[in-house]
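One chain, chain A, appears in both complexes that follow, with chain B as partner in the first and chain C in the second.
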Partner chain A sequence: MNKLIQNEMMKLVAKKRLLVIALIIGVLVILFTYAQYKQVQTQREKLGTSDWRTILQQQIVDTTNRLSSSRISDEWKKQLQISLQQQQYYLDHDINPAEPGAPTFMRIFLENSIDLFIPLMVMVIASDLVSSEHSLGTVKLLLTRPVKRWKVLLSKYITLCLAVSLIIAIAGFLSYAISGVVFGYKGWGAPILTGFNVTDEGLNTSQVKLLSLWKFLLMDFGLVWFVAIVVGTLSFMLSVLIRSTAAGMGVMLAALISGAILNNMISSWESAKYFFMVNLRLTDYMKGTAPPIEGMTLAFSMLVLLVWWLAALCVSFIVFTKKDVY
Partner chain B sequence: MEKNITLSVKNLRKVIGRKEIIKGLTFDLREGEVFGFLGPNGAGKTTTIRMLVGLIKPTSGSIHICGYNLEENFQAALKNLGCIVENPELYPFLSGYHNLLHFARMLDGVGDERIKEVTELVGLTERIHDKVKTYSLGMRQRLGIAQALLGNPKVLILDEPTNGLDPAGIREMREFIRFLAEHEGLSVLVSSHLLSEIQLLCDRVAIIAKGTIIRTDTVLRLLSNREKMVWRLEPYETGKQILQALTKIEEKDDGTIWTEYNKEKIPEWNKQLVDSGVSVLEMNRKMPVLEDLFLELTGGETIE
Partner chain C sequence: MSKNVIRFITILAVFFCLLWAAGLGWAVKEYYAGKPDQAPQRTKVVTKTENQKGLTIVALGDSLTRGTGDETGKGYVGDLVDEIKQKTKRPVQLTNLGINGQRSDQLKKQVQQMEVQRQLEKADVILLTIGGNDLFRGGQGLIDFQSGDIAAIEKKYLNNLKFIFQQIRKHNDHANVFFIGLYNPFSEMDQGKEMSKVIRHWNYDSAEVSAAFPKIVFVPTFDLFELKVNDYLYSDKFHPNTKGYRLIAERVASLLTW
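== the complex of A and B ==
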């Protein structure tokens, strides 16, 4: 088995996919860092102070103003109310929700890349892991060795999991290293609140806990990794089912993007919560924003993803070991 | 004494959808022989070969490689098999060496030593560390064979091994395959749609058309009584009459006369022609072409 994984790694490295991904992440992190930096500057100019309390106060005023407008939808109104309550809670407890520094940037970067960017990067690797062997024709050599087919596929899957972990490590490292140049490398110990409960009545703060940012980040990374593995497994299945890499990528891309769109408009279509793509924003539960459909919780989303993951894995292995290769 | 049977196929069938692609093939391969699989495109050669190497599951029938049933004992059976199915498609982004290393890792007990050995055997030592995408087709073919030989197989299956090679490459490949069979004792199964190639390369041939084996025999026996003699005579009419009296003749449009090829009688016929004052401008032994052979064997049924 080890040797098979070595083989897959050798091919992955030779294709230079990981390098390309690292490059993409690097470029994006630079862009985001600059954007963030600009935002902070504008805020400072506008309010004439860099004190976070004043800024937060101003944000609360802004949100309240927006809430009083009659033209916004009910859902949006609810979202705003929740974030208003959160902001108030932070202010009341004298905690800066966005302590400046690389760790905070990392957190924001992770939260925003969990449902599209990281899955996209994972997809780049997962979607051609099997189908490329078909398009190259090397599958005929691969499957005529005295090695059982399920072992061949398992070695590919393990390689995928390793690659996913590596991508997330790269994303973490680059976002810290690059943003730190601008925001400084400190701030691991900054306090952050988690455990907000969004209920029918609004925000429930009874279970709110104070965490150090590094602990919070560790949880975030765990969730991002979990999502990446699930998305990777789904693209992996498509790679087994569809011989063309481009077609497999297209299907997965459509699913991911539809998830991002659905998130904004399905609050009344309740059964949509069983789609995997509306359950990808796991980090939002940590932060405590309103879920796209009422009643969705972290446990529920993880369970849905787990079921999709298991199904994809079963389909991949059954199809791969059974099908005739032409 | 019968030589050891290394590959045994019994009543192999494959049904795809409602269509029966392969309709019950039975044949054996013996140690040290080159066995030809001859048939037109679409006869079922590649499907059969894919079943032999485990890429396609047969609908019914059995395949034994060195005594191991392919379906029940996949690993043991495939340990004794090396193959190239269609073109030798290797990883273009890896070097030749890494390709071999890749496939060696999938075999037990095949190390650097053996990789070096097969590299030398196919004569790729100088270029082995270059990327495969820089190789010529001939080199890829050789690397493909090196890959097939890595595990010291008893049976080698090559699907259209000379496809796309230039005449020098074809000749080289032919010599190499003969060498493997004669000196290393391998059984080699070669498929082709070219009769001339099979003729030069193989000991025995199975002729396959529309999913059935029409005939299995040694090349010698299959072709010997189908060879023709081509005569070009001057004057034409006199010559024709003399030959006509001796044997059955066919007149061709290009002014030649074809008769059967008969080793004992040909000198005699020739003498008679010369004695009667006919000049023999050309005497040529003609091998039958695949199409003719098919027509004869299938009794006039055309190849699709």
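== the complex of A and C ==
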């Protein structure tokens, strides 16, 4: 088994996929860092101050004014109200919701990339793990070895999990290292609030806890990793089922993008919450923003993802061990 | 590719795999852990006086402060700031806390917020518009302005206004406060004359309350809109338009001293 994993790792490294992914992440982080920097600059010019309290107070007033407009939808209104209450809570407790620094940039980057960007990067590796063996014809060489088929597949799956862990580590490292040049490398100990509960009446703040940013980040990383593993397993299944890598990627891509779109418009279609792709934004629960559909919680989303994960894994193994290879 | 490199990458990957798994477990545990050990405390902010050289303007109040109806979106506050910027070389910092539809009881709550008080402390000039929504109540005031209700509403409003001024003076005793009075947007309508009477009375009482406090200046706008009111009103026939805001801004600008 060890040998098999070693072999798979070697293939992975030889394909230089990880390097490509690192490059993509690097370029994007540079873009986002610049965008963020610009945003801070214009805000400072507009308000004539860099005091975050003044800026936050101004944001609260602006949101209040948007709420009073009659042209916004009820769902959007509710989300605005929740973020308004949260901002007020931060202000009342004198905690900066976005302490400047590389760790905060990293947090925002993770929160925004959890449902599309990181899964895409994972797909780059996962979707051709098995199907490329077909297209290159090497699958016969692999299966004629005196090793059980499920062991071959398991070694591939373990390699995938390791690669996913590496991708997330790379994303974390690059976002920290690059954004730190502009925003500074300090800020690991900055306080952040978690435990906001979104209820029917609005935001429940009785469970709110104060955390250091590094702790919060580790949790965020854990959630991102979980999502990445689930998405990776799903594309892994497609890679087993569909011989063409491009087709498998296309299917997965469609699912992910539809998730991003659905998130904005499904609040009235309740059964949509059993799709895996609307449950990807796990970090939002930590942050305390309103879920896309009422009644979704962290446990619910994780359970849905776990069911999808288990199903995908079972299908992959059953199909791979039974399939005729010619 | 040497075997050692592969081994190193594998070990690194296993390490991160375990680390992220631990993070995931911790996240779930934290999220569902019952009571927080330490609830965040409300802290009193130590005020740092920044922007020493600059002029800090804080605008409080309703949609007039917000600039509703102005196509440029600036409102009289924005026009005024532009004017100040032209006249002085000092940097101007504006905090506009105006909220559409705000009534005096809501403003009373707003000025009790800690951060708003901190903003007030820093201010060199405070601009205020309030009362329009108390009196007109989105058109409701048009129907029952003759009844005795007005007296009760006005009494409540004057008490709130007094409280607001007390709060402002408590936190800031040096800033000039400009309190913008009401105009009559309905003067060309059927009962415009009666309405004007109510508003004049309202403005008079507001000015009386302002006069009881030092450095609070009541700025009348009633006369500005008295002739050709529709030239200065936005299409909702209630809020001023760009020209109307310009008039108010000019009037306040003529009162500024520094």
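Rule of thumb we're sticking to: the second predicted complex is superposed on the first by the 326 of 326 C-alpha atoms of A that agree within 3 Å, B and C clash if a C-alpha of one lies under 4 Å from a C-alpha of the other, contacts with A are read in each partner's own complex, and residues count from 1 in each chain.
Following the convention adopted for this analysis, a residue touches a chain if its C-beta (ideal position, glycine included) is under 8 Å from a C-beta of that chain, and two chains touch if they have at least 3 such contacts.
Note that the structure is a prediction, hence the values are computed from the model and not measured.
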Message = Looking at A:91 after the superposition, I want to know if it touches chain B, chain C, both of them or none. Which is it: first, second, both, neither?
response = second
Inquiry  = With both complexes superposed on chain A, which partner does A:58 reach: first (chain B), second (chain C), both or neither?
reply    = second
Key: Partner chain(s) touched by A:166 [first = chain B, second = chain C, both, neither]   = second
Task = Quick one: classify A:14 as touching chain B (first), chain C (second), both or neither.
result = both
Request  = Have a look at where A:146 lands relative to chain B and chain C in the superposition and call it first, second, both or neither.
outcome  = first
Task = Pick one for A:4: touches chain B only (first), chain C only (second), both, or neither.
result = first
Contact breadth on chain A, by residue count: chain C or chain B = C
Message = Taking the superposition on A as described, I'd like to know which of chain B and chain C A:268 touches: first, second, both or neither.
response = neither
Ask   = Which partner does A:70 reach: the first (chain B), the second (chain C), both, or neither?
value = neither
Ask   = So which bits of chain A does chain B touch that chain C touches too?
value = 6, 10, 14
Contacting residues of chain C [partner chain A, same complex] = 1, 3, 5-7, 9-10, 12-14, 16-17, 19-28, 30-32, 35-43, 45, 50-51, 54, 66, 91-101, 113-116, 118-119
Ask   = Quick one: in the complex, what on chain A touches chain B?
value = 3-4, 6-7, 10-11, 14-15, 136-138, 140-148, 324-326
Message = If we count contacts the way the header does, which residues on chain A are in touch with chain C in the complex?
response = 5-6, 9-10, 13-14, 47-49, 51, 53-54, 56-58, 61, 64-65, 68-69, 91-95, 161-163, 165-166, 168-169, 193-195, 207-211, 215, 218-226, 285-286, 298-299, 302
Task = Note which residues of chain B are touching chain A in the complex, please.
result = 50, 53-57, 74-79, 81, 83, 85-87, 89-94, 98, 101-103, 105-108, 147, 151
